[in-house]
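Dropping the structures in below, format is structure tokens.
In what comes next, chain A is part of two complexes: it sits with chain B in the first one and with chain C in the second one.
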Partner chain A sequence: MSKTDLALLILRDFHGEIVAKIGECIVLSGCATVRQVALSTGIPQAKVKRAVLILVQHGIAEFEQNKHGFIDYKVDVNKIVYRLQFPKIMRCAELLYGDPAKFMVEKLLFEGRATMKSLIKTETQRLNECLRAQGDSEVAPSLLEERFEKLVKTHFLKRCSVPIKDARGRAVSLEAPSEELVFVMPPKESGTERVKQEGEPPSKKLKVEGEVDHAAAADSATSEIYWEVNYKRFLQHFRDQVLVAAVASRLDNEKAGEVLRTILRHCEKTTNPNEYVSQPISYHEIQAQLPRDLGMAKQTLEQWLKILTDTMPEFVSKSADSGGGMYAVSIFQALQTLCTAHIESVVEERFGSKSLRIFRVILMKRQVEQTTIEKCVLMPAKEAKDLLYKMFREHFVHVTELAKTPDHAPSRTFYLFNVDLQKVARVVLDRSYKAMKNVVIKQRLVVSENKRLRDKENRKNVVIASLQKQHSDLLAEHGEGITDEMKEEWEREVDAIKSMITHHEYEQLEKASKFIHHLEASQQQLDSTIFLLESYLAMTYKPPTPKPARDPLGR
Partner chain B sequence: MATAAPNIKQEPVDDGDFEGRIVLLCQEHTEGINDAIIKAALPLSDSVQRVTALNNLLKTGRITVFQKKGTSDQPVLLYRLKDEATTAGPVKGADHQEKLVYQIISEAGNKGVWIREIRMRSNLGVPQLNKLVKNMESKKLIKAVKSVAAAKKKVYMLFDLEPDSTITGGAWYNDNKFDHEFADVLNQQCLRYLESKSASAKERHTDPLAQQNGALATADEVHRHITELGISTIKLTVNDIKDVLNTLIYDGKIKEITRVAAAGSTEEGQKLYRLLKPLIPTTGLMRVPCGVCPVIDQCQDEGAISPATCVYLKDWLNGIL
Partner chain C sequence: MAGRGRGRGRGGLSFNVEALHIQRGDIISKPGLHPPPLFPPLVHKPIPLQDSTPSEKTMIELKQEFLEKFRQSPFYLTMDEKKHEIERYSDRYQSNQQEQKEKWVPDWSMFPAELKPKKRKAQSTGRPNLKAARRTLGTDDVLSKLENLEKSTLAENAGNEEGDEEEEEKEEEDREGDEEEENDEGDEEEETDYNVNYFDNGENYGDDDDEDDEPVYS
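Let's turn to the complex of A and B:
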């Protein structure tokens, strides 16, 4: 629930009140047609259409024709919440493929989708403007093109879903591009063999033709392929980073992390991200792919692998002896371990380290009676009981009743304490979303409280800047003609404007900016908790496997 | 009881005589007598009389019965006089009820027995039993020990017995109260020892495997270290230290590794302990006040408790200045 609240808050921040209201309506009703939304929100249909168009453009909403022939719109809350990851995604693109990649990813993130051609055109311009401002040399569009290709090849960008049209030419649903095509660059020469992709939802066409696509439309009749950011790939990348950081922290050595990073880098090519255990990689391959500048000797690598498999079997395991030893990463187990660590951290901070001891006793022994807990934790029975019940009240531990008799009389029942990791993860996740929402609200409050002052400061800065420019222009023009008196006069003018903001106001501004900075940092930290719990819970969800077709003869 | 006696109605015979003679027989044969010996010594008795006599003796607690493997693999029942020391000795001159209570208490050994249990087993009334127990306590035959499991529960045991560790709580209890400061200090000292061991291993060795192995310590080593520190006034056993190390494992600060004994050796696998570094820094949720907020479940965007009016958030932000 908190997740939805947060999502709507973000939606409001990004797209304004009307879109947020319509988003809320669709989220709360599961799925709705434009007409239904218009009726229940009281917003005119034309506006609803435009709002839905924005949602579809950003990949937040999907649509499908229902059995009555109307188009049902659905909103994916996750896609909205991903917006909190934007800074992280941009930073990641920058680290991997430099500024050009960052610019392109940024554009795609904030615009939802774009064709390669328009993207490269606008971003080359924007990048060059930046470079000029910094006094660096400009780049050619071919560089961006190359980076774009790299991003697609490494699956960080993907093709958008293609609308399917009915007989009357209306788009009725979206179809994901086929697996062979989704990460494939179109052939270089523009021509007839390009995948034809004309259909955007009817309401969308307007915008597309109006803004993004006019260049493409001008030079050829064929529409281009639209690209979007592949969030899942970025999330996978972040997940791998988290695993590496965890290993480095536990073994207290960066090199151990690098070994795991090498394995994971290989795995991202060979393994489906949803797989529980990665494809094994041989020792020789690890050795060959290990970054050279690490300077790790053969023997040291062997030792690290042994330590990893011995002390952290939930992360790396040895699956076979061939090829100098085959190593695989147990992604699910590692995530589970990390999720447990996060929950333990929550328990420790919220209930104290004594409670953590009790919590871990239950985790380790799985099903345990109260008396056993009291014996294990070396603390007064009364205190242990108190702490245990506190955790029970907040749903961090659970109880299984095992009645000896059918009447379930308490005196004849075993009460076994246990921890349901998934349930607790959900509790913590919901709290994290709530905390995130609170921090976002608080940040916004701080901003709005200091809006007047900030505006004032901005105005002051503008005035001072223009004055100084004026003065320097005068100085350049008249040169020697400017006397010291005049210079003093100028300085007095500037000082007068500077004193528009009092000392007290200045302090207030300082304070506000510190607050905002702190709140932003907290958002990033909260995001790490949320990200891990979400990744773990996403893996625990198994889509029902389709039943194998029964052999009619029963063979 | 003793043998499956045929259920034939017989004239009641004065069997006091038989009882006395059986006791005499027992005194002669200290290793115990069986039915055959009794039969030979009392040729006039029939089986029913013997059984009644034996049962009476058993009931009054003067003899005991136990099984022994006979010649033809058939278990033979043996009767022997009960140990004077445990039965009659201290309660000589006492009445039948006192003997019974004494017996119940002595059977419980150093684990002690609860007064209610004595009452149930002896079938005595509350005032009567209380009087008896008080009487015996003043004679220093038995003593009352407070159990740590429940503050008000007293258990009785023989006076000269040392109470079991489940009753006193072992080294961790002082005056029947859990000495958690002591336990905490030991917990910290054990951790410090393993920390220093890990740090020195890191200094001494360069290759990772040696660093890892150098940080290992056995419970014996930790025990020796703690004893040398001399922080404990009472003598701690290795098992006590193992308890402490276990709490450290539960704290998630150390790890236990079982080293498998070399093939062919008779030693058991040895348990080794090593410091465990945290997997993650404090999780993000707990770095904002909402993580520890007691009223987070009542927090709404609008209402008495809301992020806009939250005092915790405000104090937290002012705290960073």
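Let's turn to the complex of A and C:
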């Protein structure tokens, strides 16, 4: 529930009050028509339509025709919460493919979706303006086109869902593009065909390259294709980064991280992101794909792989000896380890180190009776019991009842304490969302409290800037004619405006901006916890496998 | 509890509490009747935040910039502010700010048709478009004149008995036409319609002369 609350707050930050209210209405009722929303929120229909339009444009809402012929709208809370990752996504695009990619991704995040043509056109213009301001040379649209292609090939961008039209040509529901088409660039028009550019990082190649050209040709001819950011791919990338950082910090060496990064890069192409264990990769392949500038010798790589498999078997394991040794990353295990570490530190900070001792004993022994715990943790029975029940009350520890007799009488029942990591992860996640919500609310309060002062400061800055410009213009015009007295006069003018904000107000402003920065930083750090827990839980969720078709002969 | 009171010495619990490892002397907390306190005392102080790295700082700036951009964009909807009781001079400029946002034209083929705002036809101002009306009247006049002329020539050919009457009619019509021309000129000079007779004798009822001016109820 905290997640929904947070999502609505985020929606409000990004799209304003009305959209948040309408989002809330749709989320709480599951799905709703425009009319229902207008009735229950009391907002005029025209505004509701506008808000829903914005939600659909940004991919937050989906629509579908219900059996009465009206169009139902649904809101995906996850898509709203992804907005917390926006800065990370932009930064990631910049680090991977440079400024042009960042500009394009930013635009896509801002508008929700765009066609390639319009995107490249507007962003080339914007990028060139920026470059001109910095005094750099301009870039051609073809550069952006190439970057766009790379982003699509590496699955960071994908095609938008396409509306299905009814008989009268009206859009009634959305359909995700077929799997082989999602990441396929439309074939180029004959006039703009260029020589294919090399120099792409070796790991980032499309899985199904060239498989579906004919289908793509048919599709692009019919309509303009809209593109959007593929959040899941970015999240996967972040997840891999977390694993790399974990290895690097555990072994205290960047090179170890690079080895893992190389393996993971290879896995991106070969393994389904939800797979528990990646496809094994041979030693020689790792060696071939290792970045050259790392300058790692054969022997060093071998040693690092040995250290990795020995000290961190939950991350990297050796699955076979063929091909110089096959190595695989157990992504799920690694995430679980990280998650456990996170939860343990939460327990320590929340309940104290003695409780952590109890918690670890339960984790180690899996199912354990209370008397055994008391013995194992080397604590007075009473204290141990006290701490244990406290954790039980907060849902960090669970109990399994094992009745000896069918009447479940307490005296004839074993009570086995255990820790269900997924449940605990959910508890911690919910609290993190709650904390995040509190931080966001506090931040908004601080901002609104200091709004007047900030406005005043902005106005002051504008006035001073315009004055200074005026002065410099005068100086350029008259040159020598300006006396020192006049200059002094100017300075006095500027000082007078500066003194419009008192010392006390300055202090307050300083304090507020520091506080806001602090809140932002805590949001970021909370976000990293949330991200880890979410990606762990996302892996535990397996969509129900379809039942195998029954053999007609009954064998 | 009274029904079960068979006099075992200990409390109201229906089972042997020692199975839960609660000893005789332990205090079992009473069931609480009050909600837990809103702000329970913080036993463990949280550890201080880690200092953010430079890249995190840039991301914070990015985020704030991005949010600001959203706030200025057409994707940000705010409630209409309540009109102040006293109209203030500054209000004019505040209302302008919303309109200054850059326009966003969605690709309507991607959205359900119902989301598209309907374009209302401009409501008629209540004042008939005199000029247009008169211009059509004028052509009618010409037509009727021509008809009359035709008739008259035919009549002249047939005989001169009714000629006088015809001529009189013609003269009358000419006079009317002149008057109307004068009216036209007067109208162009000053846009008033004081000298126009608004009386409608119902002759033109059903004529679709001023289709455009009709109010649309939809």
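General observations
The rule is short, and it goes like this: the second predicted complex is superposed on the first by the 520 of 555 C-alpha atoms of A that agree within 3 Å, B and C clash if a C-alpha of one lies under 4 Å from a C-alpha of the other, contacts with A are read in each partner's own complex, and residues count from 1 in each chain.
Criterion: a contact is a pair of C-beta atoms (placed from the backbone, for glycine too) under 8 Å apart; a residue touches a chain by one contact, two chains touch by 3 or more.
On a predicted model such as this, the values are computed, not experimentally measured, just so you know.
Using the contact criterion defined above for the overlaid structures, shared-chain residue A:K385 touches chain C, although it does not reach chain B.
In the superposition on chain A, A:E106 makes contact with chain C only, not with chain B. Within the superposed three-chain model, A:R426 lies out of touch with both chain B and chain C [touch as defined at top]. Judged by the touch definition given at the top, the superposed model places A:V52 against chain C, while chain B stays out of reach. In the overlay built on the shared chain, the residue A:R265 is in contact with neither chain B nor chain C.
By the touch criterion defined above, A:R126 lies against neither chain B nor chain C after alignment on the C-alpha atoms of chain A. With both structures placed on the common chain, the touch criterion links A:H398 to neither chain B nor chain C. Of the two partner chains, neither chain B nor chain C is touched by A:K318.
In the superposed model, A:S522 lies in contact with both chain B and chain C. Put simply, chain A uses residues 349-350, 381, 518, 522, 524-525 to touch chain B in one complex and chain C in the other.
Residues 5, 245-246, 249-253, 255-256, 299-300, 303-304, 306-307, 311, 337-338, 341-342, 344-346, 349-350, 353, 356-358, 360-361, 364, 376-381, 383, 428, 431-432, 434-435, 437-439, 441-442, 445-446, 511, 514-515, 518-519, 522, 524-530 of chain A are the ones that touch chain B when the two sit in their complex. Contacts from chain B toward chain A in the complex involve residues 148-149, 172, 177-178, 180, 183, 187, 207-209, 212, 243-244, 246-247, 249-252, 255, 276-288, 290-292, 296, 299, 301, 307-308, 310, 313, 317, 320-321. Those residues of chain A whose C-beta lies close enough to touch chain C in the complex are 13-19, 34, 46-47, 49-54, 56-58, 63, 71, 86-88, 90-91, 106, 109-110, 160, 163, 170-172, 223-224, 226, 349-352, 370-371, 381-382, 385, 409-411, 413, 415, 517-518, 520-522, 524-525. In the complex of the two chains, the chain C residues touching chain A come out as 15-16, 19-21, 26, 44, 46-47, 49-50, 52, 55-56, 58-60, 62-64, 66-67, 69-71, 73, 75-79, 106-107, 109-117.
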